[in-house]
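Next come the structures, one after another.
Two complexes are shown next, each including subunit A; its partner changes from subunit B in the first to subunit C in the second.
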Partner chain A sequence: MSVLTLKNIAKSFGATEVIKGIDLRIDEGEFVVFVGPSGCGKSTLLRLISGLEQADAGEIILDSEIVNDHTPFERGIAMVFQSYALYPHMTVAENMGFPLKMVKEKPHAIAEKVNAAAKTLQIDQLLDRRPDQLSGGQKQRVAMGRTIVRDPTLFLFDEPLSNLDADLRIEMRVEIEKLHKRLKATMIYVTHDQVEAMTLADRIVVLRDGVIEQIGAPLDLYDNPVNKFVASFLGSPKINFLSARVVDVGEGAATLSLRNGARFVVPMPTGDVKKDDALTIGVRPEDFAISGGDFSIPFDLELQEQLGPVSYLHGSSNGEKIVAEHRVRGKILKETASTLGVNSARIHVFDTSGRSVRHGRKGQET
Partner chain B sequence: MRGQKRFAWLMATPTIIALIALGIVPLGWMIWTAFQSFPPNPANPPQFIGMRNFVDLADDPQFFGSLRTTAIVLVFSLSLQLVLGFLLALALYSIERGRGLIVSLLLIPTAIAPIVAGIVWWMLFNARFGAINSFLVQFFGIDPVNWTIEMPTALIAIIVAVVWQWTPFVAIILLGGLTTIPRDVLDAARIDGASGWRVLRYIIVPLMRPFFLVVGLLMIIEIVRLYELPFFITQGGPGNETVVAGVYLFKLAFSFFDLGRASMMSVFLVIALSLVAALYMRLVADRRMTVN
Partner chain C sequence: MTSQKIKKNRSRRIVRSSRWRRLKNRFVSSWPWVVISGFLIFALFPVYWIVLVAFRPRGDIFQYPAALLPTNLTLDNIRFVWFGSPTNEPVIGFLGNSLLISVVASVIALSFGVCCAYALGRFRIGGSFLSMWILSQRFLPPIALVVPLFLMFRQLGLLDTHLGLILIYSVFTIPIVVWLMMGYVQSAPRELEEAAYVDGAGYWTAFVRIALPVLKPGLSVAAVFTFIFIWNEYVLAFQLAGNKVATITVYLPRLRSAIAELYGEIAAASLLSVLPAIVFAGVMQRFLVRGLAFGGLK
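And then the complex of A and B:
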C-alpha cells in the first residue's frame, strides 16, 4: 500500500501535449478511477505512473520517494492491461509466477503463491492451460492473479473490462471490488465507462485534453459537476441541457426564463450573473416528472424506451432534445406527457463558458 | 451436395494438373532416372541398372566430400544468418523513422542474382586486385591472403558470401515476426521485472520460434541447393575442398554426363534435406506452440 503524489506532471508526444501539468494525491488504500473521453490522456497518465512512459516534467512520488527515474518494477507496481497481456507461450501457472521468477524466488515458493492466488480467483483448475485455451473472463482473472502474487504497492488497471461482454463485465467488476476490499491496496483504474467509474471508485478523476476537470467522490461529482463537461460525462442517459436567460437578479437568487417563457427562481451566489445573461441549465433525466415540480416545460414525446421498471422518454422541448426518465411501468400517451415538470432545486446552471454557477464547489476544481 | 462436390473437384482440377505436371512428374522422372544408366551415345536408350548408381555413390569419396562441405557451410551459414539476422531485425525494430527505406536497401543483396553475387564476391576476394585484400593491406598491414585458393579461407569466403546474400532476408522475416508481438506483452514483462536481456530471453525469443522455424527451413533448403556462389568464388578449389553438393551434382550431370548417378544423388539430397529439416523443426519448434 502506498501514497501516490503527482506534482505538475507533463508529457508530450512530438508536438502534441498529452498531459498538461497534473497535480494529484492518491491516499493509501484508495480506489481512484480516471475517466474521460478517448484521447483525454487517462491511459498516458497511468503509463507515466507505471514507469512505462517517462514524464517530461514534474515529479511522481510514491510514499516519500521521487520515482521518476525508477523502472516499472522498481516502483513496485502491478498492472492489468485491457488486452490482458498474458504471455502466450506460458501456462497460466507460468504466467502468474513470472514476476516471482524474475526476482529469483525459489520454485516451491512460486508454486505456493501461485496456487494461493489461483484459489482466490477460482482459476486453480486452469493452471496447466495456455492463454489461448481460456475465455476472456478467465484470461482477465489470470492477469489479475499475476498482479496479486507480487504483493505490489500500487495496482494499476488500464480499461481491464473493455474486452469482455456485458455479463462478464459486471461479474469482473464485482471481483475487482472484492479484491480491493480484501487487499486494502491502493488502486488506480482507467476507464471510459462511467458506470464502472461510479460503482468502483472512492474518488473519480475526470480528465479532458490532458487536464483534470474535477476530482471527487462519485455522487459528489454527479450532484455537483463544476462544468458542463463533467455533468455530461457522468450519468446515463446523459444530462439534458436547455437554454435559459436571466430575467431578474436578487439577493442570493436569480430568476431565469426558458425558451417557452417558463420562469423559475434558483439560488445563486450574488454577483455571479446579471440580468439578460445567457445561461444553460442542466436537468438529469430522473429530475423530470410528468406531474409536479416548480415549473414545467412543454414536451413533444417522440419515443418511449421501456426497460422494465423504468422507461426513457425521448423527445424535444422548443427544439431542444430531451430524455426524461419515467418510473412507471407501461406505455405512456403522447398527450399525457405533453409537459414535464422540473424541480428547480435539482437543476444545474452553467454560464456561457460551461462553468457551473448554481452549486457550491463541493468537488475539487483544478 | 453431390453437385457441390463435383464443382469443388472442377475448381481444384487445374491446380491438381499443374501440381502433377510441375511437381510430381519431374520428381517421378528423377527417381526413374536414378535407377538407369545413360549410354554415352544419346541415340541408345537408357538401361535399368537397379541400385548400381547408389552403390557407385556410396563408393565415391568426392560425393561424401561434397556432403561434408555442404554440412560445414550449412552449419556456419545458418547459425550466422539466424544470429546476425535476428540482431539486425532487433536493430530495425527499434528504428521508427525510415525503416521502410532501410528494409528496401537491405533487400538488395537478396534480390541480386546468385550468379552476379558469385562474380562480385570472386572479385572482392581476389588475391591480387580484390578490395578485401586492399583493405586489409592498407588498414591492418596484413600480407595479401589467397582467399579463394587456400583452405580454410576458401570455405570462409563462400560462407561470407552466403551470409551476405541471405542475412537481410532472414532479418526482414524476423522483423515481421517482432512486429507481431503485442506491445502490451512487452510492457507487462517490464512491469513484471524483466530487464532488456530477460525480455529477450523469456518473451521475445520464445514468441519468435515460428518465425525462426520458417526462415531457418527456407535457408536450409537454399544452402543445400547452393551452386552459383561457390562455383564462381572458388570453382570448388583448392582441389575439391569447396565442392558443395550442388556443384558436385552439376559436375556429375554436365561434366561427367552421368545423369543416372546425378539423379540418384538428387534423390539422396531430397531425403537428406527432409531429415535435416525434420531435425531442425524438432530443435526449434516448441510442441506446445502452434504456428499461426
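And then the complex of A and C:
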C-alpha cells in the first residue's frame, strides 16, 4: 500500500515547460482523478509518476522513499494505457501472465493467478484468444486483468475508457469502481469525461497548463470553484457567466448590478472590491428558476432541449448567452420564460482576473 | 405527339442509355486490366524467352525468324549445367556457395541492423546525424571500394573465402536494413514496450519479447531485400573471390568463356539461379501478409 507525494515536480520537453512545479499528496487507498483541457500535461504527469518519464526537478516519494531513479517496475505501479497496449502476438492468458513471467513465477502459479483474475473480470472464456479477436470492452478488461494479477500498490489509468462507446463506458466505470473497493489500492485516473471524474473520484485534481488549479472532493469543486476556469470546467451544461458592476460596498456584503440594471446584494468578503469594479457572476444552469429568486434577469428563449425530466433552455440575456435548467416537463412558451429568477445566495462571483471573490454554496455562508 | 408515344420514346431512350452505360462501365472497369496485361507482357517477355532458350537445342536458338512458341524442346542444357562437363563444374557447388553466403550474411545484417534501427528509432541515439551517416555508407558504388577492399582482404587472408564475402556483404546490407527497419520502429506503437517496462521487463526483454514480434513484417521485407541483393551481387563476388569460392553470379559469365557461346546453357543456369530467390520471396510473402493483420492496439 502506498502514499504518493509529489514535491515541486517539473518537466520540460525541449524548450516547452509542460509540468510547472506540482505539489500533491495522495493517500493510501485514495481514488484521485486528473482532469484538464487537452495538452495540459495530465498524461505527462501520470508518466512521471509511473517512471516512464524522468522528472527534471522535484521529488516523487512513494511511502517514505524517493523513487525518482526507480524503474516503473521497481515503483510497484500498474498502468492501463488509453490504447490498452495489449501485446498483439500473445494470447489473453499470455498477456495477463506476462508481468508474472517477468518475476519468474512458476507456470502453474501464473495459470492460477491469471485464471482468478480472468474470473473476476469475466473474461475466463477468452483466455486463448489473441487481442485482434477481442471487442473493445474485452480488450479493456484484459488490460485491467494484466494490471491486477500482480497486486500493485498504485494503479495509473490514462483515459482507459475513452475508446469505448457510451454503454460500455458506464459498465466499465462501475467495474473500475468495484475494483477499487475490492483491492483498496491507490488509484490515479486521467479522464476527459466529467461524469467519470465526478462519480469515481475521492478527490479531483484540475490541471491547466502544467499547474494545479484546484484540488478537492468532486462536489466541493463544483460548489466552490476557486476561479472561472474550474467553474466552467466542471458541470454540464457549463456554468453561465454574466458581467456585473459593484454599485455599493457594505460590511460583509456588496450590492452588484447587472447589465439590465437588476440590483442585488451578495454577502462576500469586501476587502478587495471597490465601487464601480467590474466583476463576473457565475450561475449554474440549475440555479435559475422561471419564477422566484431574489432578482431576475430578462431572458430571450431561443431553444428548448427536452431530455425527459429536465429540459435545457438556451437563450440570451442582454446579449450574454445563457443555458438554464428547467425541471418541469413539457414545452415552455417564450413569453412564460421572459425572465429568469436567481437566488443570490447561489451565485459565484469572480474578479477581473477570474479568481473567485466569494464561493457559492459554502455551508457557513448560505 | 401523343403522350403514349412520348412515354415509349422516353423508355427506349432509357433502355439505350442504360445499355450504353453498361458497355461504358465494362470498358472503364476493364481498361486497367488491359494496361496491366500489356505491361506484364512487356516485362515478362525476356523471362519467357530465357525459359524458351533454356529448353531449346543450340541450332534453334539463332533461327530466323525466331519461333515464338515452344517447339522441339530438350533437357540437354539443364543436364549440362547440372552435371557439368570436362570444362565446366556442375552448377550445384556455385548455388551452394551463394546460398550459404546469402543466408549467413543476411542473418548477420538483419541481427545487427534491427538492433541498430531500434536504438536509432526508439531512443534517438545520435539524432538524425548518425542515421544519415549510416545511410551514406551506401552512397558509394561498390566498385569504388574494390581496390582498398582487395588490399585489406589480402592482408587479412580473406580473399577467396566464404568468410570474406559474408563479412563484406553484411557490412554492405546493414545500412539498408537500418533504414528500412527504422521506419517500422518509429511507426510501431511505443506503448507496447512501455507496458512491458511497467510489467517488469528490461530494455532487452522488451525489445526481444515485444518489439521484435511486432516488427516481424518489416523484418521479412528487410530479409527479402538483403537476401536478393546479396544473391545477385556480382562485382565484389568477382573481385574479392571467384576462384576457390565462386558464387552463382560468377558462374554465369564463365559459361560464356568456354569454346563456344553457350547461350542455351547460360539460360538454363540462369533459370536455376533465380529459383531460390523466388522461393524465398514467396515464403516471406506469407509473413508479410500475416504481419499486417496484427491488431493489438485499439
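The rule is short, and it goes like this: the second predicted complex is superposed on the first by the 359 of 366 C-alpha atoms of A that agree within 3 Å, B and C clash if a C-alpha of one lies under 4 Å from a C-alpha of the other, contacts with A are read in each partner's own complex, and residues count from 1 in each chain.
Heads up, the rule we're going with is that a residue touches a chain if its C-beta (ideal position, glycine included) is under 8 Å from a C-beta of that chain, and two chains touch if they have at least 3 such contacts.
Only a predicted model underlies this, so the values are computations on that prediction, with no experimental measurement involved.
> Fit or clash for subunit B plus subunit C once both are placed on subunit A?
clash
> Does the superposition put A:241 against subunit B (first), subunit C (second), both, or neither?
Touch status of A:241: no partner.
> For A:131, select first, second, both or neither according to whether it touches subunit B, subunit C, the two together, or no partner.
Only subunit C; A:131 stays clear of subunit B.
> Quick one: classify A:295 as touching subunit B (first), subunit C (second), both or neither.
neither
> Report for A:71: first if it touches subunit B alone, second if subunit C alone, otherwise both or neither.
Both partners, subunit B and subunit C.
> Figure out whether A:157 sits in contact with subunit B (first) or subunit C (second), or with both, or with neither.
A:157: touches no partner chain.
> Could you give the residue numbers on subunit A that contact subunit B in one complex and subunit C in the other?
50-52, 71-73, 77-79, 81, 83-89, 98-99, 102-103, 132, 146
> Taking the touch rule as given, give the residues of subunit A at its contact with subunit C in the complex, in rising order.
50-52, 71-73, 77-79, 81, 83-89, 98-99, 102-103, 131-132, 136, 146, 163
> For the complex, which residues does subunit B have touching subunit A?
182, 184-185, 187-195, 198, 202-203, 206-207, 209, 286, 288-290
> Considering only the defined contacts, which subunit A positions touch subunit B in the complex?
On the subunit A side, the touching residues are 50-52, 71-73, 77-79, 81-89, 98-99, 102-103, 130, 132, 146, 150.
> In the complex of these two chains, what residues of subunit C are touching subunit A?
Touching subunit A: residues 189, 191-192, 194-201, 205, 210, 213-214, 293-298 of subunit C.
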